[in-house]
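For reference, chains read A, B and C in written order, and residue numbers begin at 1 within each chain.
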Amino acid sequence: MNQRMSYFILACMSLGLAFLYIPILSMIVFSFNASKLVTVWDSAHSPTLKWYFSLLNNEEILDAAWISAKVAVINASGAVILGTLAGFGLARFHQFRGRFTLNAMTTAPLVMPEVITGLSLLLLFVAMEQLIGWPAGRGITTMTIGHMTFSMAYVTVIVNSRMATFDTALEEAAMDLGARPVKVFFVITLPIIFPAILSGWLLAFTLSWDDLVISSFTSGPGTSTLPMVVFSKVRLGVSPEINVLATLTITVVTAAIIGVNWFVARANKLDAAA
Amino acid sequence: MALPFVWLLLFFVVPFIIVLKISFSDIDLAIPPYKPLLEWAAKHTLTIKLNFDNYAFLFTDSLYLHAFVNSVKVAFISTVFCLALGYPMAYGIARARANVRNVLLLLVILPFWTSLLLRVYAWIGLMKANGVINNVLLSLGLIHEPLTMLYTPFAMYVGIVYSYLPFLILPLYSNLEKMDWQLLEAAQDLGCRPWQAFYKITLPLSRNGILAGSMLVFIPATGEFVIPALLGGPNALMIGRVLWDEFFANRAWPVASAVAILMLILLVPFMMWYQSVQARESAGAR
Amino acid sequence: MTSAGGAVKAQPWKDPTARPYVQVDRVCKSFGDFKAVDDVSLKIYKGEIFCLLGASGCGKTTLLRMLGGFETPTSGKIFIDGEDMTGVPPYERPVNMMFQSYALFPHMTVEQNVAFGLKQDRVPKAEIRERVEAMLDLVKLGGFAKRKPQQLSGGQRQRVALARSLVKRPKLLLLDEPLGALDKKLREHTQFELISIQDTLGVTFVVVTHDQEEAMTLASRIGVMNHGEIVQAGTPSEIYEFPSSKFVADFVGSVNMFEGKLIEDEPEFVRIGSEELGGTIYVSHGISAPPEAVVWAAVRPEKIFMSTAAPEGSDNVVRGAVQDIAYLGDLSIYIVKLPTGKVVRVTQPNTSRHAEAIGWDQQVYLSWDASSPVVVTR
């Protein structure tokens, strides 16, 4: 790579990163702006924490956050179980009936537009309710099922790709020493791929927490998630409380990512030397 | 091992069949707002009423046709822009030193983990009439009147490229990272200039990454709803938004279903293409 | 050079009434159309170190994995200590394997790694502790019990892998390229250690390797494999001195092959006329071959004498010019070109500093003993 190319790459990189981060930074900055107009800086009264207090006392938002959290946790845990099984199966067994179908089914939700998935899930729930009486009405259960369906696709991809670099000799050695296959999975394989599973859980949690479209389709009266509340607010324009929410979210996510990264890097040294 | 299979069959595949079924039914002022497909006409006769009206309606009303075409156009152009900006970024990250690379990856991944909704919202604040961009440009004296950016197709493009950029960078990076850089050195040793080497060697070898990343942008962007709704304004006709409005605003479930089926027909070939690219990529890696 | 254990000194493979400990009976393994192992039969006796030697792709690893239970033979049977183990899975076999990559569990300590197999057998805790300690002492890793694999060097990890596979006192230990990852000095040292440990414990070893030096050092007997078949099985000296085919002669050590036809074929000797050589080869033992058959006489480089003066006799003598010399310290390799164009490799130990120095382009006479050539017919 010569100098000209390096400058070009550097320029694109800076431009790209600026592009990615200017909106985020602007939201953070203006969360401290006293003016209700958000983007017009009120230098007389800013910076201020008043919108932070206002947000943390906003019942609607807090309730919605609580619902989002519940759904996200159940979704992540369920998706991890399903996705790990699917990812492990796809990686281990190269030939079984229906492999192509399972592979297609697990990766389709990754690219499918959410409006289609959301609509189809809602219609399913309605049809099921008519046929067998369950689920009775839409709410947390239906939302969770919907989220799990697309979350597990991501976990499958993560686990499958982790298994690709997994040394099968480790499993063979365990079997050679007397452990049956099921025991090998729980005592050897799972602990070693744990970091991948953890990142799968976190990804599923985040996807569920942020999801708007599928939640809108599959939710019921009284079960609004945080994104749904945010959406109804921002349709009307900017709102300082949303800026605060954004800042808080970004802070938590950044801290979590740095933390997880450190943990994963440490755990990776375990495997690299094996 | 069968558990995920069963789950997906029930909650992913079966729903599509139901969508198909509903797309053929009549709208009804009832809950749920569609007439059943199968009816008992007389005691032992089952009739199926397949109503193609919904599809006919979609094809004849130019609004929907326009929305479909527009969606593909917008998605395609956005993909191109994402590539133009994202490829150099992915390349730069792949060639960076190990510790710099990790930081860069972190920086690219971080927005991905932050709510899409909130980040799109940020652009509202940036692009509106008394928003940040206009304020800055006005105060610098570069313009005398606020630019109209919000609620235009331009805003929508910005929003889509912004949201989907990480989706393109990550698979492309993962492909480029596996490249043997010594190939470039060999090419240069044999007389190739750096740009030529890139064009003849790096670009073809990264083809799978480009395709994978592009599909990850193009396919969901076609059906995108949030960005057109928040940034695009009433004239930004995207098919995802059409589906949403038909469903929630008009309560026209059968029509919405027909839209969904047509979207699927449009996108399935691309999805299959994506699957085959992924299969080729992982076969090569093994 | 030591060879494996006391049991081996008795050479049980020569005794037709001896019962083999491991019997491989006409085993085949195909992967689709590809025949990885083709009709292999072997008898391995208790206390042996049996080496499967061959190039990559010859089927030796597949055969080893079938002994371990990781692959099932397409046809044929495998008996271990008299029991039919053909379809038995690895966790039910009294066989343990030492993997090429060692496969140490990264999330467990050295102690836990070695104890793993005993835990699966529900051995009482106190006994586990005792046996693990004893085994770690045997492989000279006494103080390393609490370390993790990432904290060990390559040679130390190899010893943990060995300890882990031996602690269950298996009937058979399989080793997959055990010394491949070690550097030369360490390899030599470990070879002797392996033999000593095997001798102490009396376990039967089956070793897979592509390195013939390793096979020659470790093995009580070697099975040379090519294209899924065992082409010759025997002690290292048998394989080296009496190869049964061109392939074996060429694969183990270096050899000079002279193609020729039988001129005289008697029970006590044969005479071969070789155009390649430009002379005749007299071999002091009989061979069985059809008359007028094309045969090859294999002569090892170290068995050829080189001199500037013409030796007596007309058989087993030829003239040539020294084309190349490689000085290796303890010996020198001479590449000699014959008038026929054939190139002959001769090695000579550098026994003294002032021996008649033979230089480049020098005309020399090559000769060998009548007992040195080995005649192969395929």
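Couple of notes before you dig in:
Just so it is clear, a contact is a pair of C-beta atoms (placed from the backbone, for glycine too) under 8 Å apart; a residue touches a chain by one contact, two chains touch by 3 or more.
The model shown is predicted, which means the values in this text are computed figures rather than measured ones.
With centres taken as mean C-alpha coordinates, the chain found closest to the middle of all protein C-alpha atoms is A.
Of all chains, C has its CA centroid at the greatest distance from the CA centroid of subunit A.
Centroid to centroid, with C-alpha atoms defining each point, subunit A and subunit C lie 56 Å apart. Centre-to-centre spacing of subunit A and subunit B amounts to 17 Å, using the average Cα coordinate of each chain. For this pair, subunit B with subunit C, the centres built from the Cα atoms lie 60 Å apart. Residues 68-70, 89-91, 95-97, 99-101, 103-107, 116-117, 120-121, 148-150, 164-165, 168 of subunit C are the ones touching subunit A in the complex.
Considering their complex, residues 1, 3-5, 7-9, 11-16, 18-19, 22, 32, 85-86, 88-89, 91-93, 95, 102, 104, 106-111, 113-119, 121-126, 128, 130-132, 135, 162, 165-166, 184, 193-195, 198, 215-216, 219-220, 222-226, 229-230, 240, 243-244, 247-248, 253, 256-257, 260, 263-264, 267, 270-271, 274-275, 278, 282, 285-286 of subunit B touch subunit A.
Across the complex, subunit B is touched by residues 1-2, 4-5, 8-10, 12-13, 15-17, 19-24, 26-27, 30, 37-40, 82-83, 85-86, 88-89, 93, 98, 102-117, 119-121, 123-124, 126-127, 130, 145-146, 148-149, 152, 156, 164, 206, 209-210, 212-213, 216-217, 227, 230-231, 234-235, 237-238, 242-243, 245-246, 249-250, 253-254, 257-258, 261 of subunit A. The touching residues of subunit A, counted against subunit C in their complex, run 167, 169-170, 172-180, 183, 188, 191-192, 269-274.
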